[in-house]
Amino acid sequence: MSLEFLVASAVAVLVAGGVYLALRGRTFQVVLGLTLLSYAVNLFLFATGRLIVDRPPLFVEGVTEHADPLPQALVLTAIVITFGMTALTVILSLRSFLESGSDQVDGRADDEGAA
Amino acid sequence: MIAVALHIAAGAVALALLLNGWRLLRGPALGDRIVALDTMVINVIALIVLVGMIGGDDIYFEAALLLAMVGFVSTIAYCKFVLRGDIVE
Amino acid sequence: MTVAAALPALTCLPFVAAVALLGIRHAGRGAHLALAGGASAAGLAMLLYRAPAVLAGATQTFRLTWIPKLGLDLSLWLDPLALLFAGLILGIGLLVVIYAAGYLAAGEATARFLSFLMLFQGAMIGIALSNNVLLMLIFWELTSVASFLLIGFWRDRADARQGARMALTVTGGGGLALIAGMVMLGKVAGSYELATILTRGEIVRASPLYPVILVTILLGAFTKSAQFPFHFWLPHAMAAPTPVSAYLHSATMVKAGVFLLARLWPVLAGTGLWVGIVTSVGLATMVLGAAVALFRHDLKAILAYSTISQLGLMVMLLGFGTNAAVVAALFHLLNHAAFKAALFMHAGIVDHETGTRDHRRLGGLAALMPLTATLGVLAAAAMAGLPPLGGFISKEMMLEQSTHAMLGGRTLLVPALATLAASLSAAYSLRYAIALHAGARRTGEAAAPHDPGAALLAPPAILAALALGLGLAPMALAGRLVATASAVVTGGALPELHLALWHGVSAALLMSVGAVAAALALLRCHRPVAAAVARWPAPDAKRLFDAAMEAIVTALRRASTALHVAALQRYLLVLFAVALLLGLDAAARAGVLAGGAATTPASAVDVVAWAALVIATAAVIAVDRRRYLALLFVSVIGLIMALAFVRLSAPDLALTQIAVEVVTILLLLLALHLLPGNPPRLSSVPRRLRDAAVAIASGAGAGWLAWAVMTRPVRAGISRYHWENSYSGGGGTNVVNVILVDFRAFDTLGEIIVLGIAGLATFALLEPAARGVAGRRLRAWRSQDRHSPERHPMMFVMATRLLLPLALLVGLYLFLRGHNQPGGGFVAALVFSIAILLQYLASGFDWTDERRRFGEHRLIGLGVLTAVATGMGSLLFGAPFLSSSFGYAHLPLIGEVELATAMLFDLGVALVVVGAVMMALAQLSHVAQRAARQAEEEA
Amino acid sequence: MRWLLPHPALSAMLLIVWLLLANSLTVGGLLLGAVLALVLPKFTQPFWPARPRMRFGRTFVAYLAIVLWDVVVANFQVAWLILFRRNRDLRSRWLVVPIDLATPEAITILAGTISLTPGTVSADVSADGRHLLVHALDVGDPAAEVTRIKTRYEARLRRVFA
Amino acid sequence: MTILADIAVTGLLLLGASFVLIGSWGLVRLPSTMERLHGPTKATTLGLGALLLASVIYFRAELGVWTAHELLIALFLFITAPISANMIAKVHLHRLRVGAIHEPDSIAGAPPRPSEDSDWATFEAPARDTPAATANT
Amino acid sequence: MTLLDHLLVAPVVVPAATAPAAMLAARRRPLAGPYLSLGGCIVGLVAAVLLFGRVQDDAIRAYAVGGWPAPFGIVLVLDRLAAAMLLLSAVLATMVLVHALVTGADRRGWHFHPLFHFQLMGLNGAFLTGDLFNLFVFFEVLLIASYGLMLHGQGALRLKAGVAYVVVNIVGSALFLVAMGLLYGLTATLNMADLARRVAALGSADQGLLRVAALLLMTVFALKAAVVPLHLWLPRTYAAAMPLVAALFAIMTKVGVYAMIRVVPLILGERAGAAAWVPAPYLLPAAILGAVVGFVGVLVARGLREQAAFALIASTGTLLMAVARWSEATLAAGIYYMVQATLAGAALFLVADVTLRRRGSYGDALASSPRFAGQDAAALLYLTAAIACVGLPPLAGFVGKLLILESSFMLPGWQAIWATILATTLLGVVGFARAGSTLFWKAAPEGTSPISGPPRARREFAAPVVLLVLLAAMSVGAGWVTTQTRGAARQLMAPERYVAAVLGAPAR
């Protein structure tokens, strides 16, 4: 069992879970789905710098083997952006629910049933 | 010797993590699940410390420190939600 | 005026008048009429001034480069054909304006009407003068638009709107085909310049694209000239005011198709295909139009169908492909313009005076309005092809030419049908004239109709006189014009022209006499035939067209509505499916291979953590509708992610993950509180299975991609530079942080702005939520669960008192060391935020809020400004935006202290993050209370 | 002085924590720490307006030592119970501890201590603030346990918060 | 590195890990929520404490650096762990009271009332001027 | 560096500073915000004009943000296309802002001005950046600002549509990150010029992964551009937004197209080996479908805003038909069409705005209503905007369509392109004619209550009129404009110039 396999399969599981939840009909489920998807994407983006153990990207003169700092920076940016997006999505769907009385993603009333 | 102990310790904590997971899945009470999650946080702190020791690098201690400081906030929030619904009133 | 300026001036004048008319729309109608009439007259004068030279063979040209990349130039010319057509447009235009002065009732929007009319006139002049086929297309389409506006002028009338739309649909559609044809023609001929194209007929006709070019161009011409089977729009265009009918739908616009056929005759004519199509369409149209005209009762309908028929005649002549036929066609073009415009005006006068256009309710007008009757009879006679009018001559010529024509190998078919059409047209013309003017008065109005004023009477009188003149002195009036124009069309020498009433006894004369005789016979038994025809289930074009349009629109609407259901699930499913299919396709084509790089062995702890993550993910899905539990499992995933980042040498990410996780959970719990509990499941089993399949496929794909990337050997990339220059160039040893605040600070600037916007947007969403429907719902909202009465648990409250300064301290520590060690502005800000949020959690919103020092708006605004200003600072030193500098200051006692502008930038980051996080969470936590308070205030 | 130092003990604690965070003892670090130790309590004063009076004398140190010792012992006891006591033999009880401490700070410290030490968890305070609800994992004599808590911890805390 | 430090680190590691494991084991095997709460709040504090101490010694002896963050981790845990336990206990009490959980095997059962005229804060909002209420002023 | 060199960051920095400044100012003095906002917008416009002037020497300019050399830092790159898009966005933004101020739409909700400028910043950043991740960041900036603007004014319908819009785009962003991650994993770089070089050097074993990355990236761009079938989110979103906001959004779909035009010839162009022009075969059918679906939507729409939204889909489809052939001439035609379609779409939305504000409770439904003040003027504007959108003369749409027809002649698939363009134009003509004649000509049945409402100022017509005049100017000045677009296309189809401008000397 390699770390690479674990990470790849974790990405797979998170993506599958995220996609499934994103396809549900209620806003909260969709938000959870997006959260899982963003975990998966962050992990994926991180993995493109390859997996390095015990070599954090803190500069030390002469050291050449280290984790790739760039994907880490990218993931950091992505995490921040994801948080902003999540906050907006959550509050938007809440407001939409308050306005329409339905927490379905498309604002249908519950008795209208699912499409 | 230390290396062996470190790995044994890490294994033990990992096992503890699995046990927490079992309780989290099983419940049955909400309280049980919250305890399980809270314990998981503590066990993850332990794991971070052990990973740091195995790698010989104290760089990760901030992560453990941060988790010790803010990890309980979610526990509290989960509790408050059950108690009051509104976590900020 | 110089030659160079004359042509564009001629073209632009009507457009200028159109715009000017809108400008003076509040002036009196006299001014409007004067302007429009003046413009037409001026144009006509200009044209007549140029005419002698043109007729003498001096084609005038003007050229202004416009779009060289397209081959579209403002290229105009005035040759005899253009002169003929432009003269028609301007001459009749002037008469129509005069006529309109009498026709339009007070209170009608004359400015708008005349503006549209001038727009049309300009477009027509453009068609006539264009020496560039693309330019001609522009004017061509403009005539369709102008016609649409003019037909729909009486916009409150349903038939006007429908007629306008039908005309636009048919002629616009044909125009589009024409675009295709013209562009292809230009491409094949190697130029869009008409003068050049006309010299390249051989090349065009030899091109494999010739049939397509011909058919598309003919589509354009036939629709415009109302040829069968596209003729049906013209009768419905009669909903337009009569001046419009006279101008557009008889004299000029419908002739644009004929003009086009004549224009392109040297290039397109002469092939079997041309003769076959053009002749048969013209012939069919001629017969059909005449037959229908005979049995209509509405004056304008009779005239409309007769127009169709006469246009068919001209088209047929051009289809014959002989020079003599061209001469006949052009001469008839003139004749028809004269008598048909006169007849429309006549019909307008009748309508105006009697209040009806129904043939059956009219009669005996000759006595009541003798002048009107005279010119009406004259014009009708011309239409009937009776001597001594011009119509007779051109009809003779037509019949003569028909005897030479063959269609489908049959020699008699064309002359026979032509004679039939001639007799039918004689019949409807005579019927029009006789029934209207002879017999007893049938209208019942108290006031007797009488001859109108000069404005209404003069224009048709002039036209009728012209129709007569063209018969009596054809050579003097039109000989030179028709001859030179024909020469242009045929591209040959001037034809020997003998326009005269008497050519001796010929086949044509016999046919003509026979036709008139047959017409008289037809009229005698018209009543029973008409009754029989009326019982015939004749197809009503309008109803068919409308039904077809409605059917098409309904079907399309149904399809479009079904496709565009407002369903996020569908949007996402399509997105996932597209990504998946494209990915699979790519993989199938090239194979997504795993690399051969060595992998890193995993420890037992790794496997355990992985298992925890997988199980937690599965659990989130399993309990998805018990949202609280799902959230607990999401927390586990977040925890494992942090652990993974620690394990994989990413301390900064671990810190960020831990802090963001807490804030996210708080956010979701705050929202969860206000959502309805225990929602029922929405989707059916098959749907869930389908989604699961998509999900699993997506997951497998993503996992495989990750595997394929990770197993590839590392390439030396740009991050090596970051590593090597982090300390020396960026002044920090934490390379990730230096990337964020220095190498790629621009990203970070964008990132904090995203966060800042999220803050502002959440505020914009939540601030009004206390009012209106949302506010009412919030007030009415009661949790279904029983709650503990205790708001602020003591132990928790006390712990937060101590934790606030401690957490702030830790946050500051993380901030200050971020450049060199894990930490930085973002994590620090999250720690600050959590420290403050803890107070909200423990002590409530009001208590905390009144103790806060800074509003979130200010934090966000100042943060962004700080970051931007830091970036701008470097401009002062001539360095690029966001250039950093750092130095080491030696302070007494303290020692070496690093000062970096990147820290200032990071401060901006921190301010925005605190502001945005606090904005989202504080506003959210407060929304229900504000709703309650709002209610109290309102009460 | 009170204006400058609203919470002297807090300031001291912050300084220590800062030095531990910085992980080094330099003049610069000390100075910065001192500044923060002064500024942060002042800055956060609105959030902690009360000024509990505490004595950080020998009693306090002794209290800390006892608690530390009890934590260690408690861990072994609880570990033993977890590993070897059958569930049905577990004498799990609720204890109601009457308290004489008056300030929320003091009660919180007592409750926290109870939670950290032998087999007991503070579950709740009574609405009037006079009783503490404690859950004990295994206790034979509830009254004795309550007395132990009161004498061993509460009495000392009362002296600290005198 | 001295043998002594070696042994100390090894011992502390094993001890700490054992306590961590035992705490979590308690969470699994103890009969009801309140009992389960004891495992983590105690065993893990010492467990983690021992691991942290091992870390301090290890870094001092192995790498020659004093790391103090472990002490801070312990400090924060000592501050926060009782709060978590308190809140979870409140959740338990509350759920028990509203009948959301029925635990026949809960040994301690429902808690007794503190006194005639008062109830626990979870069930009755603290009155004015009590310590629990003055905390939030 | 001279000040003129620094001008290159102005399109990003000016709005980035204006937004917070306007927000902070508005909290003290309500009027200060709008003035600052307008000022910032005009400064941006001036900068865009100057930058457009700069590219006239045909040079491609790179600006290393932070002074870090490419490919290690982030570079902004100004070529003809970027300058044209900057100018377009500045012009459009100015008109939309003027319209907002004139109609008071900015006061219908919170934070219009900061959101507006952040949106502008995102747009301009996306046009300028030469770095793939930076492009992602600016995409996010413009998206999240658009979420805020889309919800401006609020209302249940808008909120519902907003949820779908936001979620779909978040998923799109996730896909963007995956695609970019793949590219980074393959090439270890983010700079687009560097990517161009490194992609060209990839071995055969990497082709599959490269293809996947390229197609996923195109999927994201197509989602933003609302390319069929990824357009489903657009109609409801744009129809639900305030028309004035939708007018600004007219350029957002074009950002997706822009990104394609930017990335494909550069990175996936001739030199990309087996992956060269990978998206091309998928793009043409999608473009054709887009034009059809869009113009069908124009025909069957029930409201003005919905119609305008479909017109945007149609215009994207139409211009992609040209783009999808990836030749210099078609690309030039596509760019011309893109610019005019943006203005035309915006104009249509603004006309819809003016109309629906005056029709009171009748809104923008394509049904008859009693006559309203300024109906003739609105009708004339609608007619003109419709002519622009459908591509009839004399406005620029016609020239654009002619350019596409003429440039695609005899290229593979040209018959389909021609047939689609002409047939869909007819659909559009019929659709607009039906809608316009019903809405502006047909009188409401007897007994309908008259429209009541506050009188509307005639200056509300200013912004749409200016946009339409610009379209006419684009037609009159088409000779000059096509020279510009051809120049832009030439630069695009010679990516080595871009690479050299960013990275200096050609690869060692």
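Per-chain residue numbering starts at 1, and chain names A, B, C, D, E and F are given in the order in which the chains are listed.
The rule we apply is simple: a residue touches a chain if its C-beta (ideal position, glycine included) is under 8 Å from a C-beta of that chain, and two chains touch if they have at least 3 such contacts.
Nothing here was measured: the structure is a model prediction, and the numbers come from that model.
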Subject >> Set of chains adjacent to chain C and to chain E >> reply: B, D
**OP:** Indicate the lowest number of steps between chain A and chain D, counting one step per move to a touching chain.
**Re:** 2
Subject >> Chain with minimal offset from the mean of all protein Cα atoms >> reply: F
**OP:** With centres defined as the mean of C-alpha atoms, identify the chain lying farthest from chain B.
**Re:** C
Original post:
Once you count every C-beta pair in contact for both, which comes out on top, A-B or A-C?
Top reply: A-C
Original post:
If you average the Cα atoms of chain A and of chain F to get two centres, how far apart are those centres in Å?
Top reply: 28
Subject >> Centre distance in Å when chain B and chain C are each reduced to the mean of their C-alpha atoms >> reply: 61
**OP:** Go ahead and note the Å separation of the Cα centroids belonging to chain A and chain E.
**Re:** 32
Subject >> Computed distance of Cα centres, chain E from chain B, in Å >> reply: 12
Original post:
Which chain F residues touch at least two other chains?
Top reply: 133, 137, 140, 144, 147, 151, 154, 156, 160, 163-164, 167, 171, 178, 181-182, 184-185, 190
Original post:
Which residues belonging to chain E are in contact with no fewer than two other chains?
Top reply: 18, 23, 25, 37, 39, 47, 67, 69, 72, 76, 79-83, 86-87, 89-90, 92, 94, 121-126, 131-132, 135
**OP:** Mark out which residues of chain C touch at least two other chains, giving numbers and ranges.
**Re:** 566-568, 570, 572, 576, 631, 647, 651, 672, 702, 705, 709-710, 714, 717-719, 722, 744, 747, 751, 754, 757-758, 761, 765, 773, 785, 787-788, 790-791, 794-799, 802-803, 806, 810, 821-822, 844
Subject >> Pairwise chain contacts under the document criterion >> reply: A-B, A-C, A-F, B-C, B-E, C-D, C-E, C-F, D-E
Subject >> Partner chain A, residues of chain F touching it in the complex >> reply: 133, 137, 140, 144, 147, 151, 154-156, 159-160, 162-164, 166-167, 170-171, 173-174, 177-178, 180-182, 184-185, 190
**OP:** Please give the residue numbers of chain A that touch chain B in the complex, ascending.
**Re:** 53-54, 56, 58
Subject >> In the complex, chain B residues that touch chain A >> reply: 54-57, 59
Original post:
Within the complex, which stretch of chain D touches chain E?
Top reply: 17, 19-21, 23, 49-50, 71-72, 74-75, 78-79, 81-83, 87, 90-94, 96, 101-104, 107, 111-116, 119, 121-131, 133, 135, 137
Original post:
Which chain E residues qualify as touching chain B in the complex?
Top reply: 6-7, 9-10, 13-14, 16-18, 20-21, 23-25, 27-28, 32-33, 36-37, 39-40, 44, 47-48, 51-52, 54-55, 58-59, 62-63, 65, 67, 69-70, 72-73, 76-77, 80-81, 83-84, 87-92, 94-95, 100-101, 103, 122
